[in-house]
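The next part holds the structures, each set out as structure tokens.
In the two assemblies presented below, chain A is common to both, partnered first by chain B and then by chain C.
Moving on, here comes the complex of A and B:
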């Protein structure tokens, strides 16, 4: 293999249309998709010999923990930094995720996911009108282990990309925020806001909009048990609904 | 973030899910069971099934409020749910993703089937010109001699069974009964079993009707 052949779906701005551009760069062993894009940036000449604007992409950690570099690689959504070129069929086809607004080329705006975290109170309070953490909060090793699993979510958007219920027509908040809502309600101090989180997930776009296609749990690069969280939140929402009906 | 009363959206979705099981699912099971009694012959069927049910008090009200209205709501709201999804089996061909699509397609086909089925049986009896309760069995047996109608019935009933069995599997999750992958695997086998029992009952019904065919 002498060359690396790239086919990239590009877009000049959020409101302009997409187009394809092809590149060939010299082969080097052990490239990953981000390092290939970096090499391309040094010499952005396409197969037609035109010098074009360098391909825009997002990158952070380079070790699959930040989620910034997520894109569709040969038809599958995954992190570009941890995808090794030697494992891919050529030409390597790169596309931006389809469920988010494209900023430019391969870079998308994942803001809706962060907005969703705000909506479901995806955090714990470290300060308040009383001493929250006088001592370190107690947590059973079992809960700790489960929570650790969910805490590895990097808001990458893979699960949103594959979810049939996340699309421009629907308001569904998506699998990752449901997982995070469950995580923070299972935390010793976060649990005091469980009811608020459930109510946020019982409105339009909430838990009942999940169609149980279970693609999310198959695709998550961190193997987070999203469908467990979805089912648990489903149960808690049912119980909360009964409380709302009979205790209020 | 609403923090007090129950959200309308939540209630509609839950109602949609609940109605699919009770009364619609229960009715489907009962309906297939009673129809499997066609194997006992036209006289028995007319006397012990058609007439018995016809003699039940408040039968018309029950049909309207426990069968017709729930089915209409479940079907129309189901189509709304379908509209808000965007299937992607071509790219992500996992089995569950196919079932997600099949649940929607089967629901739509079964809705059309139910309309034709009710038209061809219950409504014709109600209008009472050509078909009466006494001749319902014969009428259906004759209809099913037509291979197109027979095929339509087989497709409609099978898809209804698929939709119901998969619906039970889904309801067990969304109501929070089966949470983990292991319990969901077990429940999927239980649902396959329920489906097979219903298929067996339908085969019996068909056998009875075809055997008596003119």
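Moving on, here comes the complex of A and C:
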């Protein structure tokens, strides 16, 4: 393999139409998709020989812990930094995620996911950021393991991309925020606000909009057991609905 | 009377910036939080191994005092000691606070926080959350700030880039200008106080273990507007980096802490399968040279030793810049449980399973001990810090504060592993409290500052952008950055000679001149990443001039007897903080005495 052949779906801004650009750059061993994009911006010349604007993309840690460089690579949504070129069929086709508004080229606006974290009360309530001379209550190693699974969610958007229920016709909040709502309610003091979190997920766009396609759990780059959280929240929401009905 | 509704700007949303934001908001102030991206993607997420605090829960009689001593000595006595003492004393309380915020700390069988061993210490003192401690701490602070956002105390400006300070006639910081990274428009913002929490500067070296955002550009901008920069020569080379094309990924120090052994084949140039090389044909040089600490010597000692073995003795694997970091003698179950996520990174990027095959590593640029100079106020009774004090973490520009890796307070010449998450969090907390105290003492609100201060600075920034955007022939910022990085890695590396440093300064002068003629392939007025990059490269070069400090402190290497003999003599000359003040011709260097009132400088560092 002498060259790396790239086909990139580009877009100049949120309101302009998409178009394709193709590039060929010299092959190097150990290249990943981010290092290819970095090499490309040094000499942004497409296969037609035109010098074009370098491709715009988001990049952060380059070691798959920040979630920034998520895009669709050869049809699969994943982090560009941890996608090694040697594992890909050519031409390598890069597209922006489709469930978010495109900012430019491969960069999308994932703000709705962060807004969703506010909606589900994605934090533990504390009196303040100072020492009160006691720890939080103990957490069993088993609970720790479950919580740690979810606390690694980097809000990358892979689960949103593959979820058939996340689309312009639906209000579904998506798998990641449901997972986070579960996480905070499984903390010994976070559970004090479990009811509020459940209520946030009981209305339109909430847990009942999940269609149980289970794509989320299969795509998650951190293998977070998202469907477990969805099932538990679904069960708890049903119980909460009954409580709301009879205990008010 | 105190001013009503002070406005405060925090720049940078990593651990330091988020802690600062929290504490400022908790005091009832309004915070505008600026970041190049969603703060949850900040570089703090990359810290893997842990955070140090003396919890003494492992039956080892660990003490806060020992943490103080290890940190001071680990930094070769070149950090002012009262802030170090304060940080170590406050560390356990900080950990408890994190615990209440819901950090998923790894647990012992009885459900309390577990501890692990790290380099440069003899006791287990490192709290950790699986293999992603930094990510867990960052996310927890991100969540707390989200709660403050919900309460209306914090407004985030994500995808905005800090460009410059706005200063009044007396030189006080009264706000900033920033670039909207979507519309590419410059705006000026008023603020009663500003905090720079923009992290490290690894990208000045091109490739490092840092995230793409760690350019040091923000620190450079503050420096160019009057904030003194300290100890720029102290760059930490992490001994166990995985060399790569786009970056040098990190193999956590936890790998050594959990029993990893560093070795090279005794036969020079040996390229045979490491698993077939018998034990007596392997040279465990750290264990041989430093029997007391072995593989867990501090990072600078390990990096210099690897450098010596590979570059001076030519003993790298197959003659290359590589040595083995070996975990294969430990059980797979143990390794997966203790180091799971860390090993996955190696597997993912190098393609080998480190539980089966020894890893190949080499030192990589990792952390800047130096940074923006900040003040501190000593508590004469305790010998630590007076808290709160508006002096703590205030830069040499009144009203401008700094914390985290961006400032240079806590680590002297070398940072101990797992002390960075501590200093980022701690200094963020302290700066938050300082800012709250500072604005309380202000007589005049920033609302009274004249409008033309802001208008003029905004125009100045717009004209810089316009010049870059309208250029038709000139330097490519991406290639110029590459040239800068290659030169820095070559000349300002683990072992430096004054000749190399002079050459580096010459080259930086040339690059600075060429960087004034940047030219972009991207002409778009929307989300133009090249424009932002070009400006960062310009400022990286200027800050780069603070790194090759000629002569002096850097030369010390505690592993040589000659150094020990001359140690006391050297101390009279080099027990100093290096200060750099910006001038158009380059940095003006001066030196300041180090406060050694906590631990007298009597014993050289010795890890043998």
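Simple rule for what comes next: the second predicted complex is superposed on the first by the 240 of 248 C-alpha atoms of A that agree within 3 Å, B and C clash if a C-alpha of one lies under 4 Å from a C-alpha of the other, contacts with A are read in each partner's own complex, and residues count from 1 in each chain.
In this section, contacts are C-beta pairs under 8 Å (C-beta built on N, C-alpha and C of every residue); 3 or more make two chains touch, one makes a residue touch a chain.
Nothing here was measured: the structure is a model prediction, and the numbers come from that model.
Overlaying the two complexes via chain A leaves chain B and chain C side by side, clear of any clash. The vertex angle at chain A, taken between the C-alpha centres of chain B and chain C once both structures are aligned on chain A, is 160 degrees to the nearest 10. Touch criterion met: A:124 reaches chain C, while chain B stays clear of it.
Once chain A of one complex is fitted onto chain A of the other, the partner contacts of A:110 are limited to chain C, with no touch recorded for chain B.
When the two complexes are overlaid on their common chain A, residue A:237 makes contact with chain B while staying clear of chain C. Legend: residue contacts after superposition of the two complexes on their common chain; A:21 is shown touching neither chain B nor chain C.
Look at A:169: by the touch rule set out above, it reaches chain B but stays clear of chain C.
More residues of chain A are in touch with C than with the other of chain B and chain C. After superposing the two complexes on their shared chain, the closest approach between C-alpha atoms of chain B and chain C is 12 Å. On chain A, the patch touched by chain B and the patch touched by chain C do not overlap at any residue.
Against chain A, in their complex, chain B makes its touches with residues 1-7, 9-11, 13-14, 17, 81, 83-88, 91-92, 94, 96-97, 99-100, 103, 170, 173-181, 184. Residues 12-13, 28, 30-32, 34-35, 38, 41-42, 44, 51-54, 56, 58-68, 81-82, 84, 103-104, 107, 110-111, 114, 117-118, 122-126, 128-136, 138-141, 144, 147-148, 151-152, 154-155, 184, 187, 189-190 of chain A touch chain C in their complex.
Every residue of chain C that touches chain A in the complex is listed here, in rising order: 19, 22-23, 26, 37-38, 40-43, 45-46, 90, 93-94, 96-97, 99-102, 104-113, 129-130, 132, 135-136, 139-140, 143-144, 146-147, 149-150, 182, 211-213, 244-247, 249-250, 341, 345, 348-349, 351, 429, 432, 476, 478-479, 482, 521-524, 526-530. Against chain B, the residues of chain A that register as touching in their complex are 75, 119, 121, 162, 164-165, 167, 169-170, 172, 195-196, 199-200, 202-204, 206, 208-215, 218-219, 225, 227-228, 230-232, 234-239, 241, 244-245, 248.
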